[in-house]
């Protein structure tokens, strides 16, 4: 159902949140204050190499930062970006540019990557299909990839990286043998995989809707078409910059990306192309369905009009005839004829049948 | 006929199948389990040179792999990609990248080619027009082209490569004198030839439909238009990446492609361009026909409305007149006039004829 | 008139003919068998230099081939491509690639050029507007340009090159002083000139149609619009690849093209751009006219509806009133009033005039 | 007003005039014969340097040609291109390529520039908005820019260069201190300035029309929309090639263009971009207005239908009721009831008011 | 509300103002005369370095110009561009090209930047959403960035740079430690920030409108849709050139831009991309809503037609029947039957109920 509330919510997804930031000097850190009752920022630490793994599900940031360098690869995952102090210390500790910190804190950035001295900065959108509202929502994930470490910032706690954690624990896939760049790739891959899940959901809606539109178009289908169209517009807004971003990473000659990882990035790029193809295809499908829907409405209106016309065309002249012999003139010779009444009925029947035949010949019946 | 089942099937073609793979580490081999009763994976071997030909219609994979190098060119065709063990051994034997094996197993990949160390990897879609459902279906064909060998993987057993086998047996065309790259080209050419067959079928549907839409538009035509549009969207999704893929191969400077083969790839590229032109042209035609259809519906509605209006406009005033003289007032002098009745009939006739003349002057009749 | 036959014919123009070729090895020569009663393939020879001209209107191919080299430029024009033997001998004599011969024989290729060792190969579409069917038809013209010779292959005998022959005979323009490349340019220029003729015809249809659509839109105009749209789609399919082809030739650094000819090719390229601009402009015009047409239909429907509504709205209440006083109740005091009848007529008149005034105030009349 | 004549005229603007030229060898000079009574070709001469100015309002061409070199810059303006002899002499005197002369004579060329040995050749369209017909017309202006001289060819005498002449006379702006390239720039700038004038006129029409469409849409607005759309299509056809042309000149490294002039060409290029932006914006506006217009028509039709439905729905049942009590059965007890008549009237009133209330609740009234 | 006045005003925004300039030599300074009562041109001066700040809220231009060089960075802000004398002196003092001065004075230029010897020239549009008219208006801001100074020209006094002034005073952000290029960046950033504010306003209108269109479409929504579409077209016209401009600056290798500033320009470029994405997304949304609106209108018309058809189809035959028994023939046996009347009523009831059932089965009720 499209309600006013969901509409307004759905529109706000399309432009970056205002407020604290607008009018501040660039590079300023004006974090969104944590909503009351919001969970505190949580820092998770994974330090690993082919041989061993250190996992700290919740740790102080400074302790986590200090662990960088101990293991071949250190992954610090931060859930929540509303702790300005933590961000500032992260910036100092890892030499992040003020604009980088600003972009981490002010979520709603365009997906992109930046290749600065000393680290790669990647902004992505994690998409989620919310079954109850039928809305696709986006959460910003920021990755900072340095020599031997990856920082990942999530807007809210989520479970998208759970599969990565499990792999590290079980040492599945290239798992713990990859470097920081491979870990970053794995995180991005997990995010892009979510896009397919979202597309699958939309595809199911689309399939249901197509059946409905084709077999029994109803006004509700129109709202559903509109919803799907809007969600696809929203997806599109995330997906095209994503392509630029991953494509740029793939072509990047940053020393932080090993040659072996490039094959994986190429594969990831192909996935984003696949997502784009599918989004564009869905858009084409939706617009095709709208055409079908409108044509069906026209067709039905035509049918309604035809029935009205047939009924009216047959009975209006007959009613006129009845009216004529219902007049009260003194001198109406037909009224006194022996077979006047039945003759008139016969004429009426003949007119009616003649018209029916004519309509049938014109394929109206 | 578009049924719910065919619709859902048709939509699922647009996004890659989920399930086993989603959430697995990249390079993982999570094959689709063979459907119960599915035929076992079949391995065919062709070893040939200008002089001789060895053909094994069904052979163990390891035996086939061992034959590579015996003849100038070895072609191993594998029907079915659900045997994880076979794929793993193929990967080890021919030094395939884990992602390559994954892409072979997880069908539904985007057409593309990859130029890796030691081999070329090409993913194509083999299209088939299914006459009974009117759907175009795609099957993934993966080619691995190495020095002196070609591996081809088909989702299901099919006969598209039959013509190539016959040529090898008869040594027709450049037949057995070409290298592995020429064989790969010939396989791709056979696949692209199928696109023309599919286009021809769609073109016939389109021609039938155009005649129908132009001469006697019916609601069924609308569903057929929708079906064609959807199939063209589906084709498009396969064809555009195909162009990139073949174009890339043509421009590739891989040492595995001999210079003489480049002319053939250029020709193949022209064929894909031709396919694209035709698909886009068909799309234009379909959208033009939709316009025609909608206009015809409007025209007919207009005609219906005109008939109703003419009939109603003529008879409503006459019926009113008859009603007036059907009133039962005591003092209605006209009722007692000698020629009242016939005069009234005359007036009615005059009004009716006058209106007919007026409609005729406005070109409504 | 759009008939079923013309429609099917018109659709078949859009994809290459199947049959003989599909499934054959590339480079195979599977010519379309000559239709019974088709004229035999005719070979014309022109050998010329600034000083002299040898013209053989009909000559054996081998004799013509032997004449190459005798004069500075030799032009062999072959009408008909269904003589496989001739094509094979041409291929051997002039060292043509098997794919070149295949592309000459299997008409319906995409316009393009190929720069191979020893010769330039150009495929063009010669367009013709068939006045009786209103269809634009395309015929493939293949040119092989070598050092000192040009081979031109036409599907059917035609007169498009008549102007070139006359020029050679009269030595008009750069006429006989140009080389083989200039001759090839002149042939292509003659072909592209035909496009303007076709566009002019379509432009005339468009002008007639615009007047009709704007002043008195009729359903026939819709079919004509559809026809024009389809022909423009067809033109487009020939014109865009033509542009690539001529543009490529212009930029080509083939040693077969002299520098002086490049200016002419640039001019030819500008002509093709002009053709494209005009085709796209016509497409815009057609789509604009469709909008106008549909709006006119809506407008007229509106007018019809208004008339119906005005008539019905005025008379339905009056008829009701008449019906009331036509009831046969025993106690209806008005019936016995002295001025009941005339009073009722007056009330009816007042209601009718009041409604007319109201409609006039709303600008419905 | 769109009349048949203006329509045909308007369509002919879109493709180059045929006749004399088609089928002639390239580089042939087949001028359009001067219409009877056409003014003779007029040659104007301006020779100037920073210090002095020689102006000859009407001079023989050979005399003008002889003046080249006397002053630092010589500008020869030729009004009329139908004097083949003059063009031929100009070609010989200034070493023009035959194709250049052909392009000057055969007006209707695409805007473009050519950088040949010894001179720059620029073809532009001078646009004019004809207030009486509402058509935009284009006239070809050809410029030949050489070392120390500019030749300008106009189809007809016009006053667009009047401002340039005045500036030369008064030595305003860089006026007489610029070289031949600056003069050419000034001429082109004067031409592009005209585009803004045309756009302003179209913009005024658009503003009037928008008000009309939004406040009181009438069928005439549709024709006006169509006219504007067609004129914008026409403009577009001139403007896009203009951009290529000016952009090419700006990037050209011809020795005939001094570095100081490049800044001015860049500015001119920005102006053409501005023209393109505005044309595209206007197209968007027109298409938006068409949507509004169509929606308004739909809305009004809806309103008309509602009125009809309300009236018919209320009175049809009442009329039926009156009809029932107008029947002449012998045994109709209600007829003899004391309050039968008034009771029936009451029931009728109740039905009518009930329906009105129901319509009001559904917001139809 | 869209009024004639606002429409004309809104259209004039789309093309540059004419008048004084048209027909003048390029580089001429024909300023718009100040409207009577317009505030005089105001010159503000900021001279600052990391350590100190000199601020003069209103100063003579020559004095301000003389201050350049005293402090590391001097910012001269000029409100109003109608003082020709001031502009001329600025041109002389800072060595500005005549075209630069012209572009500053003749507001309505396309956003762009120019990299000339000695200074960078940037033209931007400052957008403002006017709440009372619902129009987006643009004001030209011109920046001249030289070594150690920035000149900014505003059409009217405004407060957009207020945040920058405050930052300089408080030395917030990089504040006073940045060079002239950083100051220019900060000014541009403040301008682009305004775009987000405008988008937010439009987004709110869009959200309100979507709710309205989806839940209760009314004709007023159509006008609002049209307004939004027009404003988005207007935005687009400013935004696309803005992207080119900022992108060009970012890629520029001008010595006036320090390497450190490049990161900020890159960030600014991302913001403009974000603005473009959002504008295009909004356009898609508006066009989707128009579809929804039109479909709703069709749906409602369908509903109206159905009601009319149901009522008319039921009662027209019944009324005919009543008419038949209202005829005055002498010999109508049914009239004299004992149960004739009630039987007829029963038949009528049966017909009516039968029809109702039939309509219900067809899902019309």
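By written order: A, B, C, D and E. Residues from 1 in each chain.
Criterion: contacts are C-beta pairs under 8 Å (C-beta built on N, C-alpha and C of every residue); 3 or more make two chains touch, one makes a residue touch a chain.
Values in this document were obtained by computation on a predicted structure and should not be read as measured data.
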Exercise. Taking a step as a move to a touching chain, how many steps at least join chain B to chain D?
Worked result: 2
For this session: Would you mind pulling out the distance in Å between where the CA atoms of chain B average out and where those of chain C do?
Result: 26
Seminar exercise, completed: Chain centres from averaged Cα atoms put chain A and chain C apart, in whole Å, by 41
For this session: Mind pulling the residue numbers of chain A that touch at least two other chains?
Result: 294, 298, 301, 305, 308, 312, 316, 319, 323, 326-328, 332
Problem set entry | Neighbour-by-neighbour ring order, given that chain C leads and chain D comes next | C, D, E, A, B
Exercise. In the complex of these two chains, what residues of chain A are touching chain E?
Worked result: 2, 4, 7-8, 10-12, 14-16, 18, 22-28, 97, 99, 103, 109-110, 112, 114, 116, 219, 222-223, 226, 229-230, 233-234, 236-237, 240-241, 290, 293-294, 297-298, 300-301, 304-305, 307-308, 311-312, 315-316, 318-319, 322-323, 325-328, 332, 334-341, 344-345, 348
Problem set entry | In the complex, chain D residues that touch chain E | 163, 167, 172-175, 185-186, 189-190, 193, 196-197, 199-200, 203-204, 206-207, 210-211, 214-215, 263-264, 266-267, 270, 273-274, 277-278, 281-282, 284-285, 288-289, 291-292, 294-296, 298-299, 301-302, 305-306, 308-309, 312-313, 316-317, 319-320, 323-324, 326-332, 364
